[in-house]
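Look for subunit A in each of the two complexes below; its partner is subunit B in the first and subunit C in the second.
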Partner chain A sequence: MSDQVNVDASSGSGFYKMMMGFFASYGFLPVILVFLYLGFGLVEPVFLTGANAQNIIEQASYLIVLATAQMFVLLTRGFDLSLGVVVSVVSVASAMVMVSIAPEGEGPVILALTAGIFTALVVGATAGGINGICVAYFGINPFVVTLGMQGIAFGLATTISGGFPVFGLPDTLINTLGQGATWFGFLSPPVGVCIIILLLSHFVLNYTVFGRSIYLLGSNPRAAEVGGLPWRRHNMMAYVLCSTIAAIGAILITARTGTGEPSTGGGLVLLSIAAAVAGGVSLRGGEGRVIHVVFGGLLVSVLSVGMNLARIDSFLQQVVLGFVVVGAVFLDRLRLRIRL
Partner chain B sequence: MTTNTTLNPPTATGQSSAANAPLIDMKGIQKRFPGVLALDQIEFELRPGEVHVLFGENGAGKSTLINVISGTFPQDGGTYTFCGEALSNLNPYRARQIGISPVFQEFSLAPDLTIEENLFLGREISKGGVLNKSEMRTKVAQVLDNLGFDLSAKQRVAELSRAQQQMAEIAKALLHDVRVLILDEPTASLSERETERLFEIIDDLKAQGVGIIYVSHRMAEIKRLADRVTVLRDGRLVGTVEAELVSEEKLIEMMTGRTFEAMFPHIENRAGDTLLQTSGLTTRDRLVDNVDFNVKAGEVVGIAGLVGCGKSELARAIFGLEDIESGKIELMGQPVTRPSPAHMLKRGLCYFPSDRVAEGLALPRSVRENMTLAALDLKAFASRGFLKIKSERRIADEMIRRLTVAPGDPEKRVEFLSGGNRQKVMLARGLERDVKVYLFDEPTVGIDVGAKAEIYNLIKEMAEGGAAVVVISSELPEVIHLSHRAYVMHRGALVAELTGEEIVEATILAHFFDRDHLDEAGEPPLQDAG
Partner chain C sequence: MRGNTIMEKILTPIHKAESRQSAVMRRLMVLGLLPLLMIVLCIVLGMIEPKFLRSANLINVLRNASFLMLIASGQMMVLIIGGFDLSIGAVVALTSVTTALSMNALIAIFPDSYLLVISLGVLAGLGAGAAVGLLNGFVVALMKVSPFMVTLGTLSIASGLALYMTQGVPVYGMPDLFTRDFGRMRIFNLPVVIYLTAAMLILIWWMMNHTKFGKYMYAIGSNEHAARVSGVKVTFYIVATYTACSMVAALTGILLTARVGSGEAGLGATLMMESIAAAVIGGVSLRGGVGRVEMVALGALFLALVTNAMNLLRVDSKLQTIVIGVVIILAVGIETYQSKRVKR
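== the complex of A and B ==
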């Protein structure tokens, strides 16, 4: 049954083949994205200005970083519900470290920044390590594990910060990584960091044994085991990488707001999963590329910026995003059918 | 029903007017998929009370044809007449309603439901919106009882073996009134006894005037069952022949379009040192119980036995896929303490699982990636965690040529390949590294005759190249014609070891059935050896 639909076979109309090939690899998203962009533009012409485009791209870059993190575990057939609160706990922890070394930017600022970033990465990797070990070595369902981690991280973030934002971060942080700053006179820092993460992730996924391995084990965990792949280790590493990338995202967010935020994280899980899945990363594992996350992140950002401009109530926006996730999963199914 | 008045079967259905009219009459059927003409001008006729075998290599169009017949996808051209009425806009639901009941190879059972729930899925018996459980239960019990399959209606499908799932599928197809039963390789995972039971059922259905379309590669089954055989090749009709009037060789010629050559190569016996040896091997679940077994360099050892006898588990235990309770494994003279797939592969032992889809391949990934799936620890493909894509491409191309994988595109997703080609992709893993012991578990299940012959030749190459080869198979001819030495396994124990001339069907079967017979007669089961 499966060998009959050859998209690249010799007959059939060229346009049809091209469209099928396009949808099979990218889904309907790029098309939807264009329509949405133009649609919002019709409602609110400001939407189409260069400044707004830049705004969308910057917003999207934070999200794309988190969605890339999420993609690594989605590829293994897992998901990480703790991603959002890990962002919170990392933000708070690293902010507290920076503030304690150089309060209000008085003191060894470079040391403070280094220590802060180091703390962020360690906290992130630790949370991911615990998730990964529980999933890969103890065989606990990722839903349960990361839900538990969500509780733990949320508790930690609120306890150590006392529930309040951590103020007094060095200005240097905000000036080098915040939204207002630019690199080389044109590049916004979050966009720059996002591009670096995307390039590295693309490399890891396509040119390392680990990357290959998570695609294989996501496609068929039993086959990965029978084939002798170190699948447990790689499965665990996917969680570590996920939380570590999320920690980098947390630093960017901390630099944007200028405070360590114990409560930013909550909504980010849904957004990260929405962006990844809407972009075409499959919840069934083994399928998804960096480009998918880029499309997905852009979609979610276009939606939220557009809805803001159209003055749609923020709670209603949540409803729309919920529908986007469900719709994306539905389209994912549809794409599977086209392919088969 | 069981009286001997079935000489004139169609009358039993009470449709005397249509007694000899065909149930299904298809003319000039065409089916096109994007880029492929899957069926071209097919003529097919099914009479009541006949077993009509569809024969052809994978990709010949058999599956497409039965999908058209059962309404999964409509034909693009030609006419499809059912009981004298032209059918249009057929869909699977309507097909079932008019009595066309397919049993596909891909199972349609919901794993988390019980057999009973599955059988009635979508066709529940209800009264005023409330399920009539007792009636359903009675009916299921009746059907299962009638079939004589060893199944309980309460079992969850997820807990069933492949063979049991196959039986449940068949039960599902027979639950409601059937006029055309379609069986797609139904015996691929059944044991000999279950197969024989299925054949009896088919005989009964024939006597009741049911038309049966039977897809199979197996000559023995065709000889046993077929009234007529329709041979397809590359989506075209080669011909329809009376089964009695055609020889096996002729059928294979029709199917392959080539002259028939002996399927099984002669393998030189140059047995050398013992490479793999177990003593007292027992798995935790006791499916392998106290097994002493060995295989030498240059030797092909067959293991025969019924489904569930533990022959597959023996290989899996050695490869580290089953928990071992006690016993020893020695590989090339060195003891193996805790086998795991990665470890065994490194030490030169490779196991090819029987269920390619579940355990062998990552279907959505490319041929190239699947070929190196079990070799990423090798210097040739990766160093310091980085892949060597160029060398991987080169070796994938080489493997595609050597194993004649079609289509020969290394970037093709494996899910688009036929069974035989999938198997070849999986076998590549054994050729990329230095393997001394090969364990084949059902190496030719669900693949066509041409690919079978190629796999037998590969086994010959391996053995004559000095490797030890174990062939675990439910296809007796494989064990008989390939093995230098053969074991028969029964309830977890090796009950016979045969060499050379002793390896014949009668001897092997004697060891299969003797014991079962004794057990059924109420005598205490024989104590297993050791």
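== the complex of A and C ==
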């Protein structure tokens, strides 16, 4: 089968070649995205309104932040199953710090916000650091490490919060980072933060030694080892960055819901992986760009908003998501064959 | 080139002998450490909390351990062929729901023949498990994609289906013969689950050690390419292994359903992590090719003991997931460390 495609690609017309080149670098996703968008629009005309488009983009931006985090680890041929629960722990911990300094917004609000965000970043970096040290320095299978971390972080999140949401966050947080707020009169805060993270990630991945060595680690770990790079440190840093970006996502989610949520994170792992892989970040490591994650995040959001508008049962949506993940992995495989 | 092969010929026996020696050491350490740890744990627990040594509690530990042993031996089979099954807990939930719903539907059609209803319900549950296993196996074997991703996807599919069919509400109304008489049946004062698990473990042990299927599993796990070149139908056996694993998980789900007395979509949520933990504590390698069912059973018993100890000492159930997380990382860490030393 792969041979056939190979022959076609080399002897086909110019248009065919161009299309194959397009699919090989971006996957089938942009096309699927357009069809899906129009398809939902046919079923439910409300779907095509500007307000809904804005809604989709806002929802996608939370997801894109988390999927970017996941991408850093996927690029090293790793995996982070603990991303979702790290979001929970960070959300709860930073909310508790903010509430204890300025309960109900009474007190030094700016100090509370700074301390809360600082806590979030520290908790995120710590979780990532533990993951990274176990993976990079002790050579333990990343699945197992992050699976264990999932148990640990879940336990921590439910223990420190007692299993209940943390209420009484200062309004300032919700007004500056929440969904209702706007920056400069037009930009929604989650979208703004998402764009900043995307630009920074793009820069780090393409123009720094660390970024390039992450790609090398994923595509050829032996070469990275022999090449004299501090590969263990870079590998660890990928996990630290992943959890830290996830922590930023957690702050955004906390600001959106207005509470510290101990149980939001559970489903986010699957979503973040689905978005990254559906977008074209390879599970075999070394492949994937920021733009892929943007496409993937948009796809998952279009699907979930569309299914909500079409009033599809939320449990059934979970089934659809599972099929999207399996389908995405299948397409990932297909893309590899086209390129060969 | 020639020099290389000669060098290899000279070096190989030494290397082999060395690794065999350390393999023996390792097996001794694993075999010796785990039971020793358990005995110490039992003695300490008995001193701190006399309730632990009551027969009711010990039977309780054994019963909880047998559910875990069963599902962990399923996980072990997949780990041995170099795979991974994250969907195992969701299969338990899906089986539980399917069994309960189909029994309820069938009892309306055949109100008098309980045995028929129960056996058809059990078959439906096993069928649901087999379907998930086949999906896992086919996608992994034919498309050669990472089993983690595939089973993460089927995890979402299976638990989503279970929740959708019940809308998250437990399903009651199964025949009393199933829930009361079978679910709480005791033979010589021991729950029937313990006997069933023992029988299944012996069956799996026999399969792993004395059948072609078992031998091929180890072969595929240690070197898939070599197995394929030697004429093993690798694709077929990978599909078979994933299906067997899901069927064992389905059996666990049916037994748990009988025990709980209702079909629940939340059943087995923790079993995925615990099954991996038990298998890894029992010395199953995540790189495939290594693992024995009797050690996995010991690992499951150890985990059940630790959980029981935490319950008796009134450790918060939320903290218990932390302990299990740490145990998983530690167990695999030790295994990784040992295998690195063997390599040197």
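Some notes on this structure:
One rule holds in what follows: the second predicted complex is superposed on the first by the 328 of 340 C-alpha atoms of A that agree within 3 Å, B and C clash if a C-alpha of one lies under 4 Å from a C-alpha of the other, contacts with A are read in each partner's own complex, and residues count from 1 in each chain.
As a working rule, a contact is a pair of C-beta atoms (placed from the backbone, for glycine too) under 8 Å apart; a residue touches a chain by one contact, two chains touch by 3 or more.
The shown structure was predicted, so the numbers you read here are calculated from the model rather than taken from an experiment.
In the superposed model, A:L156 lies in contact with subunit C only, and not with subunit B. In the superposition on chain A, contact of A:I273 is made with subunit C only, not with subunit B. Applying the stated contact rule after C-alpha superposition, one finds that A:V144 touches subunit C and leaves subunit B untouched.
With the contact threshold set out at the top, not one residue of subunit A is in contact with subunit B in one structure and with subunit C in the other.
Listed in rising order, the residues of subunit A touching subunit C in the complex are 79, 134, 138-141, 143-145, 147-156, 158-159, 163, 270, 273, 277, 283, 313, 315-326, 329-330, 332-333. Interface residues of subunit A facing subunit B in the complex, by the touch rule stated above, are 1-12, 16-17, 20, 206-213, 215-216, 219-220, 222-230, 286-287, 340.
Contact residues on subunit C toward subunit A in their complex (touch as defined above): 84, 139, 143-146, 148-150, 152-161, 163-164, 167-168, 273, 276, 280, 286, 316, 318-329, 332-333, 336-337, 340. Against subunit A, in their complex, subunit B makes its touches with residues 33-36, 38, 59, 63-64, 67, 106, 319, 321, 340-346, 351, 353, 358-365, 369, 373-374, 376-377, 382, 385-387, 389, 415-418, 429.
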